[in-house]
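In what follows, a structure is listed as structure tokens, so that the remarks can point back to it.
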Amino acid sequence: MTCLLSAEEVTVRYGSLAALDGVDLCVHDGQRHALIGPNGAGKTTLLNVIAGATKPQRGTVRFAGRNVSRLGPAARARRGINRIHQRPAVFPTLTATENVVVAALPRVTADPGWWPGRRRRAARHRAGALLEQLGLADLATVPAGHLAHGQRRQLEIAMALAGRPRLLLLDEPAAGLSAVEVGRLVEVLQALPRAVAVLLVEHRLDLVYALSDAVSVLRDGQTLAAGTPDEIRTSPLVRQAYADGVA
Amino acid sequence: MRDRVVRWARGAVAALVLAGLVVAPWVVDDYTTALLARTLALALVGVSVALLTGVAGVPTLGQTAPYAAGAYACAVLGSRISDVGVVQLAVAAGAGAVLAALTVPLVVHARGVIVLMITLAIGELVVTVLGRWRSVTGGTDGLAGIPAVRPFWGLPAFGSDQARYLYALVVVATLVGAVLVLLRTRAGLLLRAARDDETRLRASGHRVPLYLSGAHIAAGAIAGAAGSLLVVAQQYISPADFGFDTSALLLLGVVIGGTASVGGALVGAALVIAVRDWLFGVLPGHAPLVLGVLFVATVYLLPAGVDRVRGRWRPSGPPHRPDAPAAPDQATVAELRR
Amino acid sequence: MMTVAAGTNRIDPYLIPALDGVAYGLLVFVAASGLVFCFGVANILNLAHGMLYAIGGYTAAALLDGGWASLALALAVGVLAAAAAGVLLAGLLTPVATGNHLSQALLTFGVALAGGSLLVAGFGPDDPRVRVPAALEGSVVLAGHRYAAYRLVFIVVAAVLAATLYLVLRRTRAGMLVRAAVDDAEMVACLGVSPARIRAGVLAAAGALAGAAGVLGAPIIGPGTDTADTVLLLSLVVVVLGGLGSMAGTLLAALAIGEIQTLGVALLPSAAPFLLFAAMAAVLAVRARGLASSWRAA
Amino acid sequence: MPHTTPWRSRALIAALLATALTTSTACGDDGPGSSASGSIKIGLLASLSGTYQAVGTEIRDGFQLYLDTHDGKLGGRQVDLVVADEGNGAQTAVPAATKLLKQDRVSALTGIVGGGSVAGVTPLLSETKVPLVGSNGRPELKDVSRVWHTSYLSDEPGAAIAQHVRDNVKGSVYAIGPDYQGGWDELRGFTDAFAKIGGKLANADGKTTFTPFPATTNFTPFFARIKASGAAAVYTFYAGGAAVDFVKQYAQSEIKDIPLYAAGFLTEGGVLNAQGDAARGIYSVLNYSPDLDNAENRAFVAAWKGKHDGSPTTYALASYDAAAVLDRAIGAAGSDPTPEAINTAIGKLGQIASPRGTWQFSTTTHSPVQKWYLRQVRQDGRALSNTVVGDLATVGR
């Protein structure tokens, strides 16, 4: 079975420090893939490389059978790689609806025709549905800068979904969320169409085991282990890696 | 609720100002009318500055360049081809857009103070060219004797300050209205998003450089159109009209008016330019002193007004919102410091 | 022999311009280094920097009488006056948020306008005469060319000043703080030094440097109605080209600007009016494009 | 609530500025320039701030001196002098002139430092039919029907000195000047006249060397080229700060022994003080020098020194003469000196006695036909001064 996304031999160095040292990763179509490992293992850097925000010194990234190593983040997003950031990145002066509309616009399909505003209307329609789904409908007209941290995270998830991703990159989506919000997050992620693949970076192993069907463990910029959640849970290697206690 | 009251009040004030501007030529003397006509032209350039600085987040000191291109194209080509105002307006807007398009590769990847300096350089280079290309531009002495303009085919040429002023008012109102409508569409939304957080916009799959180029060219066309109004109002142009002090005053006027608001920028730029012109007439020798004190006073009276601009324009994160997304701001610091 | 002579002849006319470019560049460097402090350390866009230089220049014109003592006096008074003006500016800037460049620009531009016209009102609209010490009034012969003695001495003094600045930044605690602040402004804020004091200190230092440049540079860029604008523009160009915060970059940029203004003019006279700004636009645009293609880390 | 505050304070500022503007404009309109009581309104536009402030101040003071020495009257009418600031050029000069012409409704306009400002003001003159008696800058103009100048045309100083340089310099002459309109005109005046009488330029390509203006503050590279050219003399024109830089650097350069000839502005007025000893020995050509020996000049210089430090300059003289022109023209314009009548009267003035000697307006260019003098910077008591060392040609067309 071929990979939807494959990273091969990815190496990123900051000066003498290797954040990633020849990492390989494969995410299949529709797979829920978790990326775990201690702090500083290179998880976020790997997401940045996949999204196109960081340029690796070495290695290639393939997506849907094509080499996307030379593409920038915008081009990759248009091909279906969408992400949410570790610290929620939203447009602070735009309202919640406008935020989602902006995110939806590049991949929105509108009715044929030329009359003005139809693309925006289609995007607005989609935005309304997503805000509803994420429990943000009441805040639709509030500028995103005025939202609380958890609400901004939810909003960014709505934005990522608005781009109709084939691969969703989630960088610690549960960080800073309340129990209710985490519950809603899990619901939303479980309700994702099967066709959407997810690459999840998360410290909370309960979430990882609940959501993922494959896990890769990263340590010191290298892949330590990969397998199903059960295999990883019982792997002595991983236990040892976590001995310093992260989760 | 309060928002609605404010919006209503704002609309009422705008309507009052517009009504005042329409009746102005019959109330004030010729001097004030002529001053207002000239000021309208510069205020329109202010709108183009606001479009870039406030709306798109690209602070600029170089809008005098397309402004000059429009004015000279109108004076040289327009008056030879046709003395019809709308033709000259189109020629001028086209020239401004072309010049802006030529400078897009210089501007579109730069941010913050860097883009200020690049646009400053572009403005200075254009002024240098104008001063030296004597066969076309008349050199530093400028182009005098530009024939009077008729607004439309079949109408008489402008013979009074009132007529020139009303023409300028109609053009400015139309163009500002068009800009306001444009900003309510997808284009305006995307530009505001780009100002807020460019990296995030890219991450959503948007072609940000394309949008910024579009905004730059549109702003160039508006500034070019303003150039043709200057020709109408003044019947004379020289490189001095497009110097660094003009662009600096425009930027400051736009800041005073609130960079993100087109109407505010229009009023701010108009007031700064009008006050300057007026001071040189009534306080000979002391105009710079008074103008300087006015600027300082403005900063103190406007503590929040100038705080509104953020995003790329600020090299460090907004101090009052420590939980704001930090990534774009840090990126800007790196960009500035490199 | 013939070819050798021709070779020297070809270089010969450009020796003096090249040397003069160094003098000019060092002057711009000393003036601009104050602006680097403002921007790099305190994150202030100070458009009144040229006025601080003009204060030094007018002080020199008023106090210099052709003797060495007057030069020392002018230097002391000029540095103090410009530093005091810097502190005053810091006081005016107190209510303005750090990093809010637009309000800073508005305020400092206003101060520059008002201060400039006060200076002209005080010292008169004519460019005043600057009398350097009699021993430096003449010229010396260098490789067969005459060159102003003052400029030669200025090169040495400015180079010493630049070296001192470098050592202060590298070897002293204050310098360490400054460099830390350029790298990470928030870190210094965490050290518990009050931002108002940093601002006052930085603007005083910037004023002192601009004042020193104004006094020593008065025979090169003399005080006059346009001095403040000229110096501000050159300093801004140098600071931005130099990378907004790097002293080594600023020095390189200043020397480049100096050579563009002298050697460039001598080599490419027809392109001379465009050289400065064309070079700046090109360098900045190329650098910005480089940044864009190297994808910032998010 | 927080986002309504900035709007309100912005509105406050807008209201303040707007009030200032309207109150000022509302009280300004006082009707026509000359009233039945026998007074007349004259507008004076000069650079009273900015780069050309030194020249602008001289122009204002020269005009004021004439009024002070003539009981504040021109043509028997009490003068209401309205002064406005020209600033650095046309962009500030045009609105200021508009105020003088359309709000104050002056009967005549005078002053104006910059040629560009004059060009910018001319459309207003045709519109309001008011004459301009300019006292300094003079651009190329197609229509001079309402424009008069008491100064000179930019190419005249060079034309006046060419013959003298040809006769007294053995060898070629290097021509160098600032790269802007004024510099081009001044140098063209010299090089054209010089070539016509067989003079040879030392410049490498036989054309004048123009230095970037105002960017050039450092002339050493050019001095190196002058040295290499083997010139026997240098002819130049600079004014203001550039003149100070040029002269001081010249005196310290490797070509300090080559004789320097210049249009008189190189060493005129305040710049001479700033140049100090570096200016000693420079030859210059100008239409005026304070040591000219005639009755008008003695009275003029004495009156000037009574009010100001130092000697009057050609700028002050031209403005003083502009007042004299207006004095006689208003007197000749009859009982109702309308702007049109004043303009017609100026055209019929004929010979005008002046501190510079007698001159008259050219009928084609409306600028003076006047005598030019050769001056040299020499010690005069404790100060340096431009001493007249000979008469040159009478020029004007």
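Think of it as A, B, C and D in the order they're written, each chain with its own count starting at 1.
Basically, a contact is a pair of C-beta atoms (placed from the backbone, for glycine too) under 8 Å apart; a residue touches a chain by one contact, two chains touch by 3 or more.
Here the structure is a predicted model, which is why all the values come from computation and not from measurement.
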Which pair wins on C-beta contacts, A-B or B-D?
B-D
Computed over C-alpha atoms, the centroid farthest from that of chain D is that of chain A
Based only on mean CA positions, could you tell me how far chain A sits from chain B in angstrom?
41
Between chain A and chain D, what is the gap in Å from one C-alpha centre to the other?
72
Taking each chain's mean CA coordinate, chain A and chain C are separated, in whole Å, by 49
From the C-alpha centre of chain B to that of chain D, how far is it in Å?
35
For chain D, write out the residues touching at least two other chains, lowest number first.
49-50, 53, 179
Residues of chain B that touch two or more other chains sit at 132, 199, 203, 256, 286, 288, 294, 298, 302-303, 307, 327
Which parts of chain C, given as residue numbers and ranges, touch two or more other chains?
117, 273, 296-298
What residues on chain D touch chain C, complex-wise?
49-51, 53-54, 56-57, 179, 209-212, 214-218, 220-225, 227-228, 240-241, 244-245, 248-249, 252-256, 269-271, 273-277
Of all residues in chain B, those that touch chain C in their complex:
59, 105-107, 109-111, 113-115, 117-118, 120-122, 124-125, 128, 132, 199, 203, 209, 244, 248, 251-252, 255-256, 259, 286, 288-289, 291-296, 298-300, 302-303, 306-307, 309, 313-316, 319, 327, 331, 334-338
Please output the residues of chain C touching chain D within their complex, sorted ascending.
13-17, 20, 24, 117, 120, 124-131, 137-139, 145-150, 219-222, 224-226, 230, 261-263, 265-266, 269, 272-273, 276
Counting only contacts in the complex, chain B reaches chain D at residues 2-3, 6, 10, 13, 28-32, 34-35, 38, 131-132, 138-142, 144-146, 161, 234-236, 238, 240-241, 243, 245-246, 256-258, 264, 267-268, 271, 274-278, 280-288, 294, 298, 301-305, 307-308
Complex interface listing, chain D residues touching chain B
1-2, 4-7, 9-14, 17-18, 20-21, 24-26, 28-29, 48-50, 53, 83-92, 94-96, 98-103, 115-116, 119-120, 122-123, 139-143, 179-181, 184
